[in-house]
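Down below are the structures I want you to see.
What follows is a pair of complexes built around chain A, which joins chain B in one and chain C in the other.
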Partner chain A sequence: MDKIKRAAKLLFKPALAMLAAFAIGGLLLALAGYDVGTAFRALWDATFKNLRSFTVTVNRSSPIIFTGLAVAIAFRANVMNMGAEGQFLFGAIGATWVGMTFTALPGFILIPLMIITGAALGALWALFPAFLKVKYEVSEIITTIMLNYVALHFIGFLVRGPWRDTSQAEPQSFPIAPQAFLPELLAKTRLHFGYFLGIIMAISLFYLLFKTYLGYEIRAVGLNQDAARTAGISAEKTMLATMLLSGALAGMGGAIELGSIHYLIEGISPGHGWTGIAVSVLATNNPLGIIFTSFLFGALSSGATSLQRAAGVSASFVQIFQGIMIIGIALATLQRMKRSSRKAVRQAIKRKGVA
Partner chain B sequence: MKVVELQNICISFGEVRANQDVCFELEKGEVHALLGENGAGKSTLMNILYGLYKCDSGTIKINGQEVQMDNPRTAIKLGVGMVHQHFMLIPQFTVTKNIFLGMKESGFFLNEEKLNREVLELNNRFGFNVDPTAYVWQLPVGVQQKVEILKTLIRKAKILILDEPTAVLTPSEVEDLFFSIRKLAKEGYSVILITHKMEEVLKYADRVTVMREGRVIATKRVQETNLKDLAAMMVGREVNLARNLKPQEPGEVLLKLEKVKVKDNKGQYVVNGVSLEVRAGEIVGIAGVDGNGQLELGEAIVGLRKIEAGKITVCGQDLTNATPRKILDAGLAHIPDDRHKKGLVLPFTVKENLILGLQRDKQYQKGLSLDYRKVKASAQKLAEEFDIRPRNTELKAGNLSGGNQQKVILAREVSRSPKVLLALLPTRGLDIGAIEFVRNKIISERNNGKAVLLVSTDLDEILSLSDRIAVIYKGQILDVVPPDTPVAEIGLLMGGVKRQAEGVNQVG
Partner chain C sequence: MDVLVLENFLSSSVRMATPLLLAALGLSVSERSGVINIGVEGIMLMAAFGAYLGSKMLGSYWLGLLIGVAFALLTILIFAIPTITYKANQVIVGTAINILSTGLSSFLYRWIFYGTGRLDEGIAAATFPTIAIPVLSRLPLVGKMLFNHNLIVYFGLVMTFILWIVIYKTSLGLKITAVGDHPQAAESVGVDVLKIRYGSVLFSGVLIGVAGTFLSIAQSSSFGEGMTAGRGFIAMAVIILGKWNPLGALGGALVFGAASALQMFFQTLGVEVPTNLIMMVPYLATVISVLLLSRHKVGAPRSLGVPY
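Here is the complex of A and B:
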């Protein structure tokens, strides 16, 4: 019973924010002179109407659930990993290399190997800023953002240079071995296991964070580094481990995405790493919440194109939705503070002084 | 003449009745102390008077007129000013800018010279000695406190509420502050002093109102009461803070410092070759004025600060510059000087805080995961044993009172069954009931054969807890003296004056 209550509490805020976003979004559409009904129906048709569109939505949620989890775990340790994007890209690079190179291996070995390599490269790409942070106190916000560009342009180099498939007009890599293509789970759809693996990772991460001593240490370091250190927890080691884990998750996401696309292109991520931040914040950095918020963002992303096609609404309108949802969450958090207003005033006075 | 009359004030926060039928009167030109433990309802009452809270029932009269205190602006208009426990100053601004911040009278363009003059004028009148052109970040807390008071005076407050004004001040700053407060009272200002320090009340106030659990226990003239009386009214039972150490023969040396040198955050040496031994079954108190390196020394012992030279041995193990983990494992327990910053993870539950540092202990593991059932069971036991209130260990540590937060730390550290206990300012900011509890626990650790090193800036605490007293001055131990040494002599040592056979000798 308690668990149900807790889950309901967890879902309440994102749900409220979503509702508000649709209400406000609808209003905006109407004000802009669009037919709200048509627009929303197009959104629905493209995401949930039938099995085909539903599987597209599930696939779209796959990269986001991984980047969302990557961001969440880092934020829990108070490490501002803005580099899920770059780590995602490096995961894709690693998977491409494995998929192109070890073509003799059977799929059931090759695919896990791609994912593991992707995770390893993602972790490696996170190791550098993590090391700079714990050793020299260089802000990880800056280094991770910068390394995103390095990763992006490294892909540019690969797909224009050594890995370029010259039989294609656009710069892209050679395709990976056919047995490395992610298997289709349902006939006549492209549904793959990415999102479901993401759910397993989310549950594992939740378990790690809240049921193990490592998670305890991550949270302690995130909430009060000084107290953690005083109690003998090495904040440096904990942050380093968290960052590696974060990079590995993002890298896994990249590898899976590659396995679904089959070749490397510069545009493999339309900002999945950044969406991960939104997804994580919307779920208040709770891995279980991310299962839902990533799916929501996946649906919006799969609905964006048909919104444009069917109702003539720009696809970027979807980003307005996403923005409103995040504002909604921020408001909902504030609202909770306001509820016990008297107490809050008292505490606010105290806290203000401390800061 | 009565300038403030609070009649039958009641206010509840949810279930908690913070003030019940509270009556309080303030005469013109008096310093009236409002005494009580944390959570007794003193600050709540004053926040009502200042318009921060609205009372559920009761009346407020200022200068005999019934008033509605809707918000602090109304209070200020009526001449009531409040200085909060934590200052609300902008460090990057000058004193004058801070004082006039948000006042329309200062005009859109600041005429700083004119305003500086105004500040100086008040300064001279009440002996505040604040430089109006100084930046707030340059000032010690004692002076910042005065800036806060000046802020209320410029706003023409005649009734001043000071919330625990001495909590963060050194003894000489306290002296200084009350000099000005007495001067204010003489000129017809009325001062309400929220405090839980009884000595202060007896020394500086005219009258005192004691509160406990949201009610007024009594209002008395200071001449008609004494420490014991006040303590009993505050806590509701007899409190004994007198020295209560049975002589016992100390055992082997468990903590040994040899010529330890430590730098502070600015890279200056603050501990200059301290050598000290603490034996099993004794409490060694380090006495000294705040800022003489005692806290940095404490941090070095726990492994949180680099030891530049010298050696630290815990239970025979050389642990110079070892990690905190290693030092704690060697048998050291540690009550940090700042419980919010270093002692607790406030958003964690009490239960979680009770295993901070013990999370890898075998007894709490079950396979890959933490055995939260066991964690909870042991937390419940500790809550019982250390009287942590409320008993609910699922509450966030941040929601407990200071005394109970300290009990959580104490419970955790003692439950590690250490051989050496390092207690840094263990009773700072606590109310008297909690102080008694913490001190008794420290004594019982000593009686159980632990070596205790106590660092405190409260000389009374050192005197009543120590078997030996080491006086630190400018990073050096000037002398180690027995606890029956005359206080005056210890006081001199704390000031850097060492009495020697040949006569008085100034050190440093």
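Here is the complex of A and C:
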């Protein structure tokens, strides 16, 4: 009974934020003169119309669950990793290289190798800002954002330069070996294992965060660095480990996405790293919650296209939902802080007659 | 080298630098007050849309500017109220603002120009004209580079110096800096921290609004979905390169402006250069300069990103 209560409490705020988003979004649609019923039905049908559409949404949730988990673990340690995007891209770069190079390997070796390489490159791409943060106290917010753009331009260079498949009109890399294509789990769909591997990762991450010593360290550093230090935890090492894990998760996501698309393109991530932040925040940085929020955002992503087709609403409309949800959750999960100390200062001022 | 080509390169460097400069100037004030605003990208986008809409509907680029700035202010309020009054996480709300603005600007654009709220497509948007400053604009090299632009470019250059004076030579500048470094200490001597932060953030909204306006109705004459293309984030890099100093921001913005101009420069020359590699340089330069500056503690406001 206690457990149910706790779960209900945990779910209440995200549910409220979602409800607010759909209410405000619906109102906006109505005000703009669109048929709200048609629009919402299009959103729903995009995922739940039939098995095929459902598998499309599952696939779309795959990159987001990985970037979401990447952000979640970083945020738990109070490391503001804004670079899941770049780490995702480097994961895709690593996977492309492996998939194009080791074409003699059988698929059951090549695919895991791609994912591992992707994770390694993602971690590597996170290592630099992490190092700058712990060694020189440089804010990771800016460095990770900058490195996103470096990664993006590096892909641009690769697909226009050395890796360019000149038989294609648009800049893209050569395809990876056919045995490296992610296998289809269901006939006549393109369903692959990405999201399911993401679920396994989510459960592992939950275990790591709440049942292991490293997880305890991560959470301790995230809650209060100074207190964690007093308790004998090396905040620097913990943050470094967190960023490496975070980058590896994002990189895995990129590698899997590449295995699903089969070749590298500049637009391989339409902002999956940023969506990861949204997904994680909505799940209050809980890995298990991300299983659901990533699916929700995957469904919104599928819904975007059909919203435009069925109701004539811009596909970007779903981003309005997402934005409102995050602001809602950011407001709902506020901690009452410092207010008392500020009051104390004010009263002191009054007493002394300053100002 | 052909002088004309060089002149064009310098001139477009300054033009490309302008939106980065304006946004960076605004952000350097709000960051000095302790607020980190990742939402700048989205706010600029909303302003670009507002300016285009205003200019197109009302047929005047001044009214376009007014509406662009108004859009920016409304959007930045959605950022400011949760983060300043309610102390929500600035980075998270900033991210939300970016996502929300991408959606909202595209939604409104499609709705107004292609959807049920269809607007007459007949009239073209009024744009800021180029105003050559007499005599000065005919100087060799510098003339075209600095004195043959539209008003917003001049505004950015003038604003740089005004802000430098305000930040370093006035008590208001001192108060803003104090609030960003030690809000508790500032409050104990009677500075209203929240008021200073609101003021700084709203002021940054005005400049970000002008930057967005520049994109849609000065540099071009149309709005494109997602047209800011990362310029807001670059502006954040520019502040670091410039060490939160308006004059430094001018230098930083010119570095990025020159990198973009170089890309076009090579294209017009027909030289095959991997432009993506060139575009990587300013970002890497930012990261490296952050590293180098870090020995002198970077110069970032000490309470940057910490709610009060």
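By definition in this document, the second predicted complex is superposed on the first by the 323 of 355 C-alpha atoms of A that agree within 3 Å, B and C clash if a C-alpha of one lies under 4 Å from a C-alpha of the other, contacts with A are read in each partner's own complex, and residues count from 1 in each chain.
Here, a residue touches a chain if its C-beta (ideal position, glycine included) is under 8 Å from a C-beta of that chain, and two chains touch if they have at least 3 such contacts.
Everything numeric in this text was worked out from a predicted model, so none of it was measured.
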Could you let me know whether more residues of chain A are touched by chain B or by chain C? C
After the superposition on A, what does A:233 contact: first (chain B), second (chain C), both or neither? first
Does the superposition put A:281 against chain B (first), chain C (second), both, or neither? second
Would you sort A:207 into first (chain B), second (chain C), both or neither based on which partner it touches? first
Looking at A:314 after the superposition, I want to know if it touches chain B, chain C, both of them or none. Which is it: first, second, both, neither? second
Scan A:33 for contacts with chain B and chain C and give back first, second, both or neither. second
Examine A:324 and indicate which partner it touches, taking first as chain B and second as chain C; both and neither are also allowed. second
Check the residue A:138 against both partner chains and state whether it touches chain B (first), chain C (second), both, or neither. second
Taking the two structures together, which residues of chain A meet both chain B and chain C? 342, 345-346, 349, 354
Going by the contact rule set out above, which residues of chain B touch chain A in the complex? 13-14, 43-44, 47, 52-53, 84-88, 302, 304, 323-325, 327-329, 334, 336, 340-348, 352, 355-357, 359-360, 364-365, 368-370, 372
Would you pull the chain A residues touching chain C in the complex into a rising list? 28, 32-34, 80, 82, 128-129, 132, 136-139, 141-143, 145-147, 149-150, 153-154, 156-157, 160-161, 274-275, 277-278, 281, 312-324, 326-327, 330-331, 334, 337-338, 341-342, 345-346, 348-349, 354-355
Going by the contact rule at the top, pick out the chain C residues touching chain A in the complex. 36, 38, 78, 82, 86-89, 91-93, 95-107, 109-111, 115-117, 184, 187-190, 225, 230, 233, 236-237, 240, 274, 276-277, 279-280, 283-284, 286-287, 290-291, 294-295, 297-298, 300, 304-305, 307-308
Taking the complex as given, what residues does chain A use to touch chain B? 207, 211-213, 216-217, 219-220, 223-224, 226-234, 340, 342-343, 345-346, 349-350, 352-354
